[in-house]
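First chain written, first letter: the chains are A, B, C and D, and each begins at residue 1.
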């Protein structure tokens, strides 16, 4: 890590419920410590459109469910030194991937009940992203450096993994799937 | 395979004779299932319940055993059956293409296409068995033609070609 | 049956056959039957009748003469000639001896030594008299009336016979283990569940010479002190089952099995058990579970079957070819047998030679014959325009032998040293048109379908290995896939509960050892060197 | 009854004649991972998690099936064994449809806690997403095949303890599944006594009590030991 600048931390949100980010906010007063130790340069909680370059640590919540996620995840990977799969959806697919048990068309039909909508969604108009046939985990698409399971991961475990990676150490193990 | 003829009572009698021959021992379950399938062509829940009672076995055990083995079937057999041998020798000689074409052909005319493990004719690979008759050094075209021919022979009269 | 009656029956049948002008034997085994041997036999019978040769020329069935690829095969006993590719229209010429024929110095037969298949092509498997005329049941007579159980076991031990089922465990040791058990009830089981796809050795022996197997089993029963034998046959081989049923009935009628064999107090009953399609039942504890009427799931070992097998009783399990070797060993002695083949694995081995080779069929050679001799001299090499790539032995549990190892002697020790195994005798030749990754995928699919599902590494591990291999052959492989395959291979070998799971990774390990570049080409260049695999995005061939 | 002394992970441990390595280790407070073995039921040796190294033997042995012997030196925890166990757990997680966050036994699941104990924080293999069914026909119990790992504890408890043999395994390999009677809906079962032993001994959320909140879905196979003690040794409390 470049010692001349504060490490840059980003969090991103793909196909998930944002519960992991809520848990992130549960860091409460530790957020202040974190802001001191790292420059939180991008997050869905902030008003920045583009994922920045030269990120040191990226926490990515959610699974890869559509073409936007696919593109965004590849960008995040290219621009981040360390990528952490943040929470069960990112790590296992979790609830987001439960639709993999059924063909996509059946899911859409059940959701919208209108064949016209289902047809439209197979080649949706801009800016609606096309859904992938199958929901993917982050590591199905890109190289992932660390995994933080949990639905959501506890604030403690989030703090621990960030501080460990910032310190260049191996994060603690023994984390559970689920809650 | 067409189930043996005869009425229900006669079949049951034949099955009971097989069970009696094995002294109604649970050890004979597989033999008894073979005998039942020979009589009826496939195994129904009713048959398996009957066997379970007679051999004094839990029903779940009877179904557990029956479903463990490939040869037992639980639905009535299709009128025509083609088996493409998927033994190594046949595979190396192109059985996968044979299977593809048989599956396409079967979509057109009531055949059930299954795969077999090795019919003992590796020297004549690839082999397919149509309604019990083996075809050696089979080609996709020859197999589809044979399936059409057998279908037409069994279903005389005009029909729409698919 | 008494010793005198056996001798008289033998002489009478030999005499009868010698007085015939000719005895024409038609192959009645699966291979030739599928190329029309049934119709040929009927036309020969009609021709004999038409020419009024009823008492002079006899048409009979016989076992496999080997060259299945050139079937139907017919043999004239008097002329000692084999006719190949015979059609029904050839009947008059065959009877007249005017049909073109092969002789014993045909390259296919030259390198062979037919002990187990001695009667195949010479005797009718459906007639016990034929077997007796060929000296059958003489060994049993000796074993029952002139030898003690210890003496029989000593002969088998000294002969060096190794189990022909795959691993080559010394038969004598196994027999001794069972004989030593103090138990009033013991069993002898013949494992005829030949499930290896691409192997039909056992099936041909059962279809072509069933009495040889029965005789071997009864001798084993006498040696180990068992009164009951079971043959576990494949439900998929109806002809073998039919022949066995006929043979058992005949032997029982002649008091060669059943009660008071040769008028002694020795009883040995043989029953047939018919499998219902499960490769895993070739594993001996699974086979036991299946004979007992259960799901064919392997049981934990120890205890091993010689101590606790069928219904907890000591049980001797050997395969068809092992039992088929026994009568000749007992009749001719251990020394005679131990001089055939390789010193550490004497005798012969039957291979089902198939795949990309000119002459395909059943081949019996002295153990230790080189692979090259089998493929090139006996088999006539790979088809023109192609290049030998590998031979696969041992089926889904085995591995491949690359061109650089063509000189390997086919025996129980040399093959494991190069990463494969003898197996039950499947020998598939592959050439430049065969993709080795696809072959690995093919065998993994087989193991996945045949896994009993009890233990996790085999049930779930084969699924994952198969999915990785499938991905590679689709051209969607990941650079980490080879490492993942090896990691899973290691897991299956170390933790699977039975031989199926332990051996399932073998074809992958073996093809990775010799043909790693084919995997790499699929993964990195998205190209199948054999042009076999349909790569992602490529148009259908 | 004779007693053997053996060494497990460097500790001297005693075992009764006939006792398995697994039982001897557990008596001594040494935890060997397992999902199929339950004290009091026959051991199928199915999950292969309890494989251990025994000095002088070149093959690994399942601790649940191997009898402890005098002088045996056993290692239950080496890095190689740990890696194997992780792989086995990953295989199980990829095989079924295990979604902890929506599972009734979330927090009490043996597979979930074993994954955490072994540091399985992700699964490298491709999830299979098999199409499996849920049987809710029984008035009190549910059977969710998506979460079943085929440990067969339920089958053995039903047969060996309750004696009903309602449950068994049908099919084989990847299509193997738990059935009730002739694979009819559980609620129609003629042989089921409704005792619930299967549910209590199930290590995952495959068998569960209906209309119970997740927080009360705690399971415990200890009752089997209790029943055995009562039956064989007439010890009730």
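Some points to look at:
Definition applied: contacts are C-beta pairs under 8 Å (C-beta built on N, C-alpha and C of every residue); 3 or more make two chains touch, one makes a residue touch a chain.
This structure is a prediction, so every number in the text was calculated from the model and none was measured.
The chains touching subunit C as well as subunit D are B. Note on chain placement: the centre of subunit B and the centre of subunit D lie 37 Å apart, centres being C-alpha means. The distance from the centre of subunit A to the centre of subunit C, with each centre set as the mean of the Cα atoms, comes to 57 Å. If you average the Cα atoms of subunit B and of subunit C, the two centres end up 24 Å apart. Separating the centre of subunit A from that of subunit B, both taken as means of CA atoms, is a distance of 51 Å.
Residues of subunit D in contact with two or more other chains: 124, 126, 169, 171-172. Each of the following residues of subunit C touches two or more other chains: 278, 295, 452.
With touch defined as above, subunit A holds no residue shared between interfaces to two or more other chains. Taken pairwise by the contact criterion, the protein chains fit none of the simple patterns, being neither a path, a ring, a star nor fully connected. Contacts between chains, counted with the stated touch criterion, involve the pairs A-D, B-C, B-D, C-D. Residue ranges on subunit D touching subunit C, taken from their complex, read 43-49, 51, 59-60, 62, 65, 84, 87-88, 91-92, 94-95, 124-126, 128, 149-150, 169, 171-176. For subunit D in complex with subunit B, the touching residues are 159, 165-172, 179-184, 191. By the touch criterion given at the top, residues 25-31, 33-34, 61, 64-65, 68-72, 86-93, 116-125, 127, 134-136 of subunit B touch subunit C in their complex. Across the complex, subunit A meets subunit D through its residues 85, 88, 91-95, 97-98, 100-101, 137, 139-140, 144, 147-149, 151, 173-179. Listed in rising order, the residues of subunit C touching subunit B in the complex are 29-31, 33-35, 67-69, 71, 195-200, 203-204, 235-237, 273-279, 290-297, 352-356, 360-362, 392, 395, 426, 428-430, 434, 439, 442-443, 452.
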